[in-house]
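Below, chain A partners chain B and then partners chain C, in two separate complexes.
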Partner chain A sequence: MNYPVWDVPVIGSGLVIAIIAVIHILISHFAIGGGLFLAMTETKALREGRRDWLDRLRKHSKFFLVLTGVYGAMTGVGIWFSIGLANPEGTSTLIHNFVFAWAAEWVVFLVELSLAAAYYYTWGRIPDKTHEKIGWLYAFTSFLTLFIINGILTFKLTPGPEWLALAGTGREAEAFFQAFFNDGFWPSLGLRSLACVSLAGIWSLVFFSRIDRETDGEVKIQLIRWSAKWLLPAFLLMPFFFAWYLLMVPGEHRDLMTLGMSTIGSGAFTQVTRMALITLMTTATIGLVTYFLAWLNPRDFSFGHGVSLLFLALIATAGAEGTREMLRKPFVVSGYLYSNSNRLADVPRKNAEGYLARSPWNPDRGDRPTVRTGERMFQGQCLSCHTVDGYRSMRKLLHGRDGKAIGNILQMLHENAPDSPYRKFMPPLVGTPAEIEALRQYLDILVNGKLTSPIVDPSAKAVPDSVKVDTLAAPAIDTAKKDSAAPAVRDTSRSTAPAAKDSARI
Partner chain B sequence: MPDTDKLPSKVYGWLDERLGLTEIVALAGHKRVPEHKHSFWYYWGGITLFFFIVMCFTGVLLLLYYRPGEEAYESVRMITYEIHFGWLIRSTHSWAANLMVASAFVHMFSTYFMKAYRKPREFLWWSGLGLLSLAMLFGFSGYLLPMDELAFFATKVGLAIPGTIPVVGPWISDLVRGGPEISAYTISRFFALHVVILPALFIPLLMFHLALVQKHGMSIPESEEAKPESERKSIPFFPNFAMKDLAMWLIALNVLALLAAVFPWSLGPAADPLKPAPADIHPEWYFMTSFQILKIFGAWFPGAVGEFLGLASFNLGVVLWAIVPLFDPTSKSGKWGVRATYFGMFMLAAILVTTIWGYAVLPATP
Partner chain C sequence: MTDPIHILPALDPLPIPAPVALFKFLHHLTLGLHFGALQLLLGGLVLATIWNIVGHASGSRSAIGASGTVAKKLTIVTTYVVNFGVPPLLFAQILYGQALYTSSVLIGAWWIAVVFLILIAYALLYRMTTLADAGRPWWHWGVVSFTLLALVGRVFSTNMTLMLTPEVWSTMYASNPSGTDLPPTDPTMWPRFAVMFLGAFSLGALGTSLWSHLSSVADDARVFLRRWSAISAIVFLPLLGAAGSWALDSQPESVRAALMGGTGATLAYAWVGSIALAFVAALALLATSRSRSALAPILGSVAGTTAIGLWTVLRDMVRDLTLAPKGLDVWATPVATNWVVVGIFLFSLVAGLVLLGWLVSVVARATPLEKNHV
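Right, the complex of A and B next:
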């Protein structure tokens, strides 16, 4: 726990990233596929002498420029902000390994944005052939941005043995190219490229649906059908790339997807399967709507139909990206960094010396652990995926369990045995027995309003012999007697360690 | 006909000769559906039908593993936690049930406010009410079948409602329960009701309802009726309306899949009659109005009087609702038309208020 914790009530920090990211992907993938769409459509229009198309295309490129240049860029920066706050350890790992890739990404991105502006502002002001070339150049640079970010994204699930062998040595950058062109790189690039092309088609359907069918019926039919065709490659090739991608996913992560076929578990266990099902369902619907409403009835294709398609694409994108993220559980970087920012290699050390031993936010430094330590443990190791009362609510998940039952779960999480039902998607709980006991007490009070089972002797190692174990939770119990559960814990923390509390939250 | 040498044309010709497909397509093309600013409400009957079809399909799949009687809970546990995609079929079935009742309510109120119950569509209105009542009975009987804690106690509460009918009430409750308490016999009876008796009543009534829609066509609201014939717009039933209807079905399917996947139906602990009922026990949302009315009257008039008055006022509302085509038979009598509209608004408000009220006063659960 070397960084402050970003505590987002109700939805949790992970969902903040997810919401921004889904909007970003929907726009940024359009920026990539749309570049190809603009260039190809302009080339086709010039070759076939369709001047009426060019006029529509000019308006389309304005919409494209505003949407991708403003909202695409803003949400991209939003992802940076949110991942930096939600998971600084993970972000730091990526920056240290891919600083060169990101520098290249920023350069390419600047070129891409400049070309998008140049493309729109030079319509009719420069020769057609030159304008067409700008379009193709834009398409190329926008694809490059995908190429670069794809290497970084896929690295997290399949970092590869070469990089893992160097991880934590300070020489990780030596395996830059192995990490970048990891096992998941090519199938993922194929999948994303197909998604880009499809989204170009969907956004264009939305835009061209507004052409008046009465006055410009013929051009509407042509452009709607031309846009609808852009979804075809994805429907033909996606199954192939998806199967390839799945083959590249490490076995233990792939198991997460099959787990949800036979059971709902307690819900959270099987999110991957359920999100994959949603993606499948909405993708199939997009295919049907495009065929029946856009291809067969282009003249009647309305703005409402277009927006419905876009909405379906939003759900499909959210499902697909959610599946990809969840597949990586319990890691942020598979085999190296857990989703709660603990490094796999650090687990034995932290178990021996304490999770908070080197943390600047250890409230009980040099003293016996109290419930405040439990709260820090919760903030450091649980809050990255759970909230107190909202998304994956800790109160709901632990409802009906007394202190002893909570202790049993924590012990199971700590031992992380090969047959543990939590092992596949939850990181091990690290810390000394005293710290884990402090967390147990904190959760017991959080869920039940008071301590419901006797204080367990944590271990002679963690608590100095001179300190009696039964004083461990004294401050929290006193407060809990007066107030309800949540304020009890918060009040305790506020009244006894305001500085620590404030500094631990943003 | 297109090129008769091609295989699809040959198949079509073979079928057409025997089934008269061309006539059916011509008939469907001939039939027209009015198009106006209230056309959106025409889709709700079709959406309700769609959810019913989904329920038939998923219900048959559940039948492959469900075992009524003593093993009911264990079989549902197996479906939910062990069988491949058993949870998905069960969740889809349960969500479709709720969505079917909800869309039937929307359909009922939209036809009510568009005055579609008037001459000559009185039997459409009555058969529709019959279908909604049967759908609610489907829901009630299906709710017990998993026999988990919530199902057990909610059914217990639900069966207390007919039990309040004077004289015959307790007898009816005992008959449905198969004894004085909910037991494996109750499950067997509910199961028979759910998969045999109710479908045997529902399907013929549904056919009757659909045949009447075919005979009378879509009704048009008064605002459209006031327009001259030349200003009224309509589209062919086939393919135009059918295509839009299919699009709505597709939306309904996606909503259903989304709900089933994001909020899968869980299974509570096995029912234990010896345990006290959970504090927040309540019937399904579509029975909340009757539940709350009984509670309100029970609080005002303690004892059997309150129960009787609650039941009487609820049934009075239902009867008045059913006979509306009799006191507002045509658009000529403006006075009764306005009264019927006010009555409809009152009923809608009463259902919404009592349902929200019912949920608001439930003890909080974590």
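Right, the complex of A and C next:
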């Protein structure tokens, strides 16, 4: 445990990210598709002399400016804050790798926002041609932001052999471009672009639904139909890009999905499959609603209809992003960093010297592990995906198991055998036998209120906090403890960073 | 107490992808812009809110006009406060991640709350603009918005000082892993907070006086805006100087000693000098409040910008001086540069600036807004 783990009761830190991210994606993808929407619609209106469209478009661009400039920007900052809290190690990895991609993203975003503001404030105040140009530049820069962030996001699932070969050598930056233009890059860019275009259509339907059907019926029909058309590309091309995307998903991650598919019959399908199905079904519903309510009856298309579409889009987005996140389990960066911040390469070392050996958060430094160590093990290695009582509740999942059964599960998690059913979605549990025993006792007390089976390893006399330590005191002989007392191991300063890297390479 | 070296998380095994000096340069540049925009926002918000109260209480058209002029600019200023905040955070995470991620988690609930506080404060600024356009009082929203932003500032100052004190982390985490406590304050926290906020009421006020030159501002409102910005600056500049010296005094002995000699001292005196210059500009602004001359506002803004830039460098020196003996020597961070990537970024920066320049020229040539277009 290198960084402290942020403990968010009930919902868990992962869900904090998820909630902010889904809102952000709904808005930011609209900003991207919407840039194109504004530019194309203005060009069309100018070419076809539809002055009445322009007036609507001007108002639309105000809505746009506030939605993206305020809510889009702030939720974006929100995702960043939340990933830094929920997973500092993973955030640090991504930022070390891609800091200049992010910095460039920022430059582009700054220009994009300024273009959006100028676009709105100069309607009718500068020559049409110049205004149109600002619109197209806006469309271009907003697409560029997608292009850049897409490289960083896809890297996590498919970092690629070139980067992975250099990981841990200190030369990772040499593989920057392979890491950025990874296998998932193009199919994902395709999928996201289609989502952007559809969201632009959906948000525009919401916006134009408010045009009065009595006084402006004709404009309403035209604009609703025009907006509805924006959903078409997605329905035609999504399947193709989705198949391509799946093809690029590394085998062991795809298994998670096929595992789910094959068990649908028994009703036990995995969360990934469930999420993917939700996306599929809501997307289909969006298509039907758009066709029947917007395309066939544009005049009667109401604000309520628009909002329902938006709500469906929210679910589809949540499903799609959830699928993407779940597919990556148990990794943050596939093949490099587990969701619980253990690096794949560090597992043997941590098993030998102890999970908490170099940790600044070791509560039993220099002493034998106690239940307090067990709590740290839980916080450090389980809390990133589980909570105590809420989302993926540990109490619920372990309900009915006594201390011995808990010990068996932990042993399976620790061994992480190739045929272990847990391997596909849970990272290996690392640590010395004494630390794992401490975790077992902690969980036993957590779930059953007391120790329900005898202490297993006499060398790791972990005791509950409430029990007086002296009464159980025994000579500490476990290796974890001795190692953690050895200066060379305990030293986490910068001066030993190269040494740490050496051991990581082994 | 354990040896301080063992209380920092281990360095990320990936080296940083450009020299420390480049990151520092980019960090200071963008953080200076963040602080500049921030002082304009906070100063403008407080002044405009007070003027709105006074205006609606006394029926003074000039006060209401001046308050509206400033209030309507605050949404766009906030856009830049937020956007100029992003890169320094990115670069601070690169350079000081071991300390910064940790302190952020330790106040996690507050840190994430910042996002929502800003969102609400921001939305209120839009609400104020709408009310100001309609000529209705909006100061109550100004009060709420400022309170939320002050809380945001408090969280930032807490985090930026908590990251300097690894010795308290372990106890903090043991007592509250959810980060819902704002820690017992570091002695350097309030003075730093004070410098930012007193700077807003003085340097930020001088900045708002620039808006008196917008063509849309009525004569009486312009005079009001200039006079009261100047008075605010005259009152608060001496306090700002005092807060600076308080911030220095509150530092641990070793940091203070190091700052008092060499570069630190030079920068500190330059900071005092720029504040003195800003004071002169404020007096000139008061004396010329009836004139249309932009000289005093420009001089004040230049002095203010200089002071903000110097402060940015000084507080960074404090950070390095504090953290180095605790095991984080930023200059020793392993570096492995990919210059092609750095080059692409620098190119994007230049291209972006050129585009912004073009955009400014287009907007400047736009025909004035007709009333019905608002």
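Just so it is clear, the second predicted complex is superposed on the first by the 449 of 506 C-alpha atoms of A that agree within 3 Å, B and C clash if a C-alpha of one lies under 4 Å from a C-alpha of the other, contacts with A are read in each partner's own complex, and residues count from 1 in each chain.
We take it that contacts are C-beta pairs under 8 Å (C-beta built on N, C-alpha and C of every residue); 3 or more make two chains touch, one makes a residue touch a chain.
Note that the coordinates shown come from a computational prediction; the quantities given were computed from them, not determined experimentally.
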Clash or fit, chain B versus chain C on superposed chain A: fit
Just to be sure I read the superposition right, which of the two partners does A:421 touch: chain B = first, chain C = second, or both, or neither? neither
Which holds for A:292: it touches chain B only (first), chain C only (second), both, or neither? first
Figure out whether A:217 sits in contact with chain B (first) or chain C (second), or with both, or with neither. neither
Please indicate which partner A:111 is in contact with in the superposed arrangement: first for chain B, second for chain C, both, or neither. second
Chain A residues in contact: does chain B have more, or chain C? C
Looking at the overlay, what does A:161 touch: chain B (first), chain C (second), both, or neither? neither
After fitting on chain A, the minimum C-alpha spacing between chain B and chain C in angstrom comes out at 24
Footprint of chain B on chain A - complex, ascending: 261-265, 267, 270, 274-275, 277-278, 281-282, 285, 288-289, 292-293, 297, 308, 312, 315, 395-396, 399
Interfacial residue positions of chain C with respect to chain A in the complex: 2, 5-18, 26, 76, 79, 82-83, 85-87, 89-91, 93-94, 97, 101-102, 104-106, 108, 111-112, 114-116, 118-119, 122-123, 126, 166, 169-170, 173-174, 177-179, 327-329, 332-334, 336-338, 340-342, 344-345, 348-349, 352, 355-356, 359, 362-363, 365-369, 373
Mind pulling up the chain B residues that touch chain A in the complex? 80-88, 91, 243, 246-247, 250-251, 253-254, 257-258, 261-262, 264, 266, 366
Chain A - residues contacting chain C, complex: 2-9, 16, 20, 66, 69-71, 73-75, 77-78, 80-82, 84-85, 88-89, 91-93, 95-97, 99-104, 106-111, 113-115, 117-118, 121-126, 130, 134, 137, 168, 170-174, 176, 343, 358, 360-361, 363, 365, 379, 490-495, 497-498, 500-501, 504
